[in-house]
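Note that the chains take the letters A, B, C, D, E and F in the order they are written out, and that residue 1 is the start of every chain.
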């Protein structure tokens, strides 16, 4: 049985895992590695705080160790990239974070990157990550939808906010490429890009693509 | 007939094209796009000067236009990424440059990037590119082999210099990931990494991998 | 016959050349080098795309080679500085780009630089250049007039937009020096500066001044 | 009983805790908060890997919650600042990390900061932190003693290496302020500074001082 | 008689000195150094221009030399940090500037720093300082109250503007920590922080706290 | 009588003034402004400390006010640019500093700038200035001759050190343009450039050239 790219949703929402899994379909190639999606059991329902991340870390490394024999790469499918450093230390297989990969992919699609966050409270944390990546000068800005979990269920409302915030990033902040700052919105990627007229990067796809390359090149 | 990822060697050296072509074998997957390699006819024998780049540009865009109907992505396989901006404007298909892609890939494999150039004269040009990319703070340093075309034919001598320069980047500049700053040295990637104990990024592979992802996700 | 500073308008608009030529009058000194203006024949009517730039490059280097014997310096009079690197390689004479020179001059006249572009599509390209220059932290922002060629013929409308956009850069972005991001607006420099109360840099003048210095010091 | 500044040594070495405790004596003021030192039970013997950090995190937040009622501030006394973000979220009391505080203090004592690490493997991690802090342009460099735990017991050898590495940072990297990149070397601070003729920052003292200020100002 | 931390108000306004002096009460600890406040005689009434700073410099160094025997540290209590470099050269005692210290303290309390200036004309000067500090990537923005000396007497009006400008920095610029960019507003610190829900750094307190640490550690 | 560009040597060494004056000969053009050199009376013999700078400032502004009626621009001819900010405030005429102008000129002649200082103690101060300029990412490095005033009288020894240090900046730091970090060495510019094969910027010439442009364009 071929080793697979294990995409780990580090929160316990099976719905989110299912959405990610569907979004990765175009990266499943006959001769390529299988791509499997996994919900991290006992993980928080969502990852919004640093405490959520602390809870995730041992579960994540345990998952990686338990699955290393059957894996060719791992993807951590949360935009905050929880545990990216420890996971890379825990295995010699490639590990990609969707936040990091989305940003790197965006850098190939535009000069000024705009990021759409769910909640304003994440923005400072994201900037810390981008500082560590050394790419803050490429940021046009980040703006938040400001929608809570219940509101995100309302597809129309989410869509309207995406258009509004994406438009502000494009027109007021002069972004010429956008990133969806969350693993839970792949279904909006293509229409948002089409209507706003700028590329939109979906982070789970970006990271799984980088994992696919890494898996092919290291195996 | 499926559309292919067209990897363009923008110099006229068929040997270099052949080396690149072989290096990409692991990325040729059943069910995935074919990966074809192309020598840019009438291009300079090597790309070392800005004048060489000027010569390349119209040939490159002509090639892209002539092959767009059969392509799903393009890779410009010269570390100076000649014509990356104009190529991206000339087609709506993904275009990846091996210099840019190698750097972005290296950013996922280490915090401090060391680059091995062929000639010292390229170093300033590379720094200009990295400035435009906004990632100069991630550079541990760049050092040159200082070998001319004839000397590069001498595999032993090239290997000795790679070890020496790679070791300096690791030990004196504290790089923890290295990039081969040229399309012509894929055969050294794995042994160099093994002996020096740090990841080594081969740029044509890095870029073609990113093109593979992009091709899958946009088709 | 003394060697002259050749100011090259790399588009084919003779009107623009004429405007530049008039703007440089204060830099024509009895004992200094003549300053001559040139329209690049067969060049695009305007330089707005990367393809326009590709078209310009061979014409530009041909011009430089043809005129090197009679020149003491060259100025490339398009804000995107097309061909600056290749031109510097093609001749040992000083070559100045008006985009680069305008920015360097602005750095001596204020701490936070605001740039007035013609079209929003140029903004990303300008940021790439400023990244390569390593000076992005000095940018207060860039905003575009959003006027097309026809609208730019309407002096009153252009003036109104300049005032509006310049005022936004000063008041909302806290720029304390402005740059006219185009070779075609020298006639507005002094009145804009006077009304907005901040220095305004005109790029062709800035670059030709730097060329004058370079010509005197290298001859 | 007045609330105390709790200085947490996040590894389980009681010797290290004792050394830190002694070093903080000058910050114990009659009218100021007590300063107490604590060894994190069940923590790793030393913190050298990302996995060590993961182990520390829940113990650290548990300690903070258990001691919040009697504390006026917390100090995390490991140069890698493990858990700084989660600790700051876990309590409304001030939390200082010795890595961050040492760097901020150094910024007031010199323009170019040199850091003395114990092991070369930490250097990349430190640079990631400095990137997140946004201060990489102030780094003259980091160099490692390259001594293991046993060798660090040899005071003479450690001192010789400190002098050698500190001298390189001053003379080759042009640092004009140094940081001891570890909580375990306070006894060398003053003599190193005196002999090398540049200020030397001891991180536990720097952080506890910042905690003292914060405690006074928020109580 | 114990040596004291001398806090120097470099303008001649005794009222401002009095306000600073009261604000520092929490840092006066039994067993710690006395904290004394001083008005610089013959200094300008306020420090708004570079010429004001020139006037301050010799008076400041004279004060330092005259008081060195009785001091254990000096604080320059003007947000522009006039004379910080020369003061540090003039004495081997610690010298802290309130602008620098406020920024360093803010870096421990949030990722994106917003600064509230009194007058828009100071903004460019502040950015120059932050450039020299190498921390511009941490700035969310600076906005000015735009109140003159007379208007600042009107407490209600000042408070209203503080709320308005602080709210803009938080909501439009996404600052998650604020700095009062002036020594004259300590009385607003705590209520502003409480109402806006983000930490607010008062610069004289921040610097005197850093001086307290430095004094304890060097004596 | 035409207004002149006043080049101010802010130390009291008439010999240095004379050397600067001779170096500016190529910028004295018929029809252009006269260029006059001035020794600042009662100034320190050399400017090496911050205290020297404090002494210079009131003398400098007094000079500017006394000469404004006959001047069209001012140049401050000390590489530390003492008083640049206050001078620019004191007059509406252009004021150029030789340190700033040399760096801006170097940015047009190479991508990686190497600076040759006289004394190592100046290096930290220069980096502070370059931070304020926002151009630190363009620095390849700065190295000092380490010669005192007496040793600088020995032309052969100075020349030998210039070659040695310049060669290190070129070969070890990969600078492709050099700056003479002092007003006192114009006589070495051309031979140093010729032998090392990289452009060498002489700061008084660079600044006076920028002043010439500014004078022509504002009169």
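The working rule: a residue touches a chain if its C-beta (ideal position, glycine included) is under 8 Å from a C-beta of that chain, and two chains touch if they have at least 3 such contacts.
The UniProt protein names, listed by chain, are A, B, C, D, E, F = Asp/Glu racemase.
Predicted, not measured: the structure shown is a model, and the values here were computed from it.
Asks: Write down the chain pair in A-E, C-F or B-C that repeats the interface of D-F; the criterion is over half of the contact pairs matching by residue number.
Replies: Residue-number overlap above half with D-F among A-E, C-F or B-C: A-E.
Asks: Could you put a whole-Å number on the gap between the CA centroids of chain A (Asp/Glu racemase) and chain F (Asp/Glu racemase)?
Replies: Distance between chain centres: 51 Å.
Asks: When the C-alpha atoms of chain A (Asp/Glu racemase) and chain C (Asp/Glu racemase) are each averaged to a single point, how far apart are the two points in Å?
Replies: Once rounded, the distance between the two centres reads 41 Å.
Asks: Touching two or more other chains, which residues of chain C (Asp/Glu racemase) qualify?
Replies: Correct list: 125, 128, 131, 133-134, 136-137.
Asks: What topology does the chain touch graph have (line, ring, star, complete, other)?
Replies: Here the contact pattern is something else, fitting no line, ring, star or complete shape.
Asks: Which chains touch which?
Replies: Final set of chain pairs in contact is A-B, A-C, A-D, A-E, B-C, B-D, B-F, C-E, C-F, D-E, D-F, E-F.
Asks: Within the complex, which stretch of chain C (Asp/Glu racemase) touches chain E (Asp/Glu racemase)?
Replies: By the definition above, chain C (Asp/Glu racemase) touches chain E (Asp/Glu racemase) via 110-112, 137, 174, 176.
Asks: Under the stated contact criterion, what part of chain A (Asp/Glu racemase) meets chain B (Asp/Glu racemase) in this complex?
Replies: Residues in contact with chain B (Asp/Glu racemase): 26-27, 29-32, 96, 100-101, 104-105, 107-108, 133-138, 205-206, 209-210, 212-214, 216-217, 219.
Asks: So in the complex, which bits of chain E (Asp/Glu racemase) are touching chain C (Asp/Glu racemase)?
Replies: Touch list, chain E (Asp/Glu racemase) to chain C (Asp/Glu racemase): 120, 123-125, 127-128, 131, 136-137, 142.
Asks: Contact residues on chain D (Asp/Glu racemase) for chain A (Asp/Glu racemase) in the complex?
Replies: On the chain D (Asp/Glu racemase) side, the touching residues are 49-51, 53-54, 57-58, 61, 83, 85-86, 88-90, 125, 128-129, 131-134, 136.
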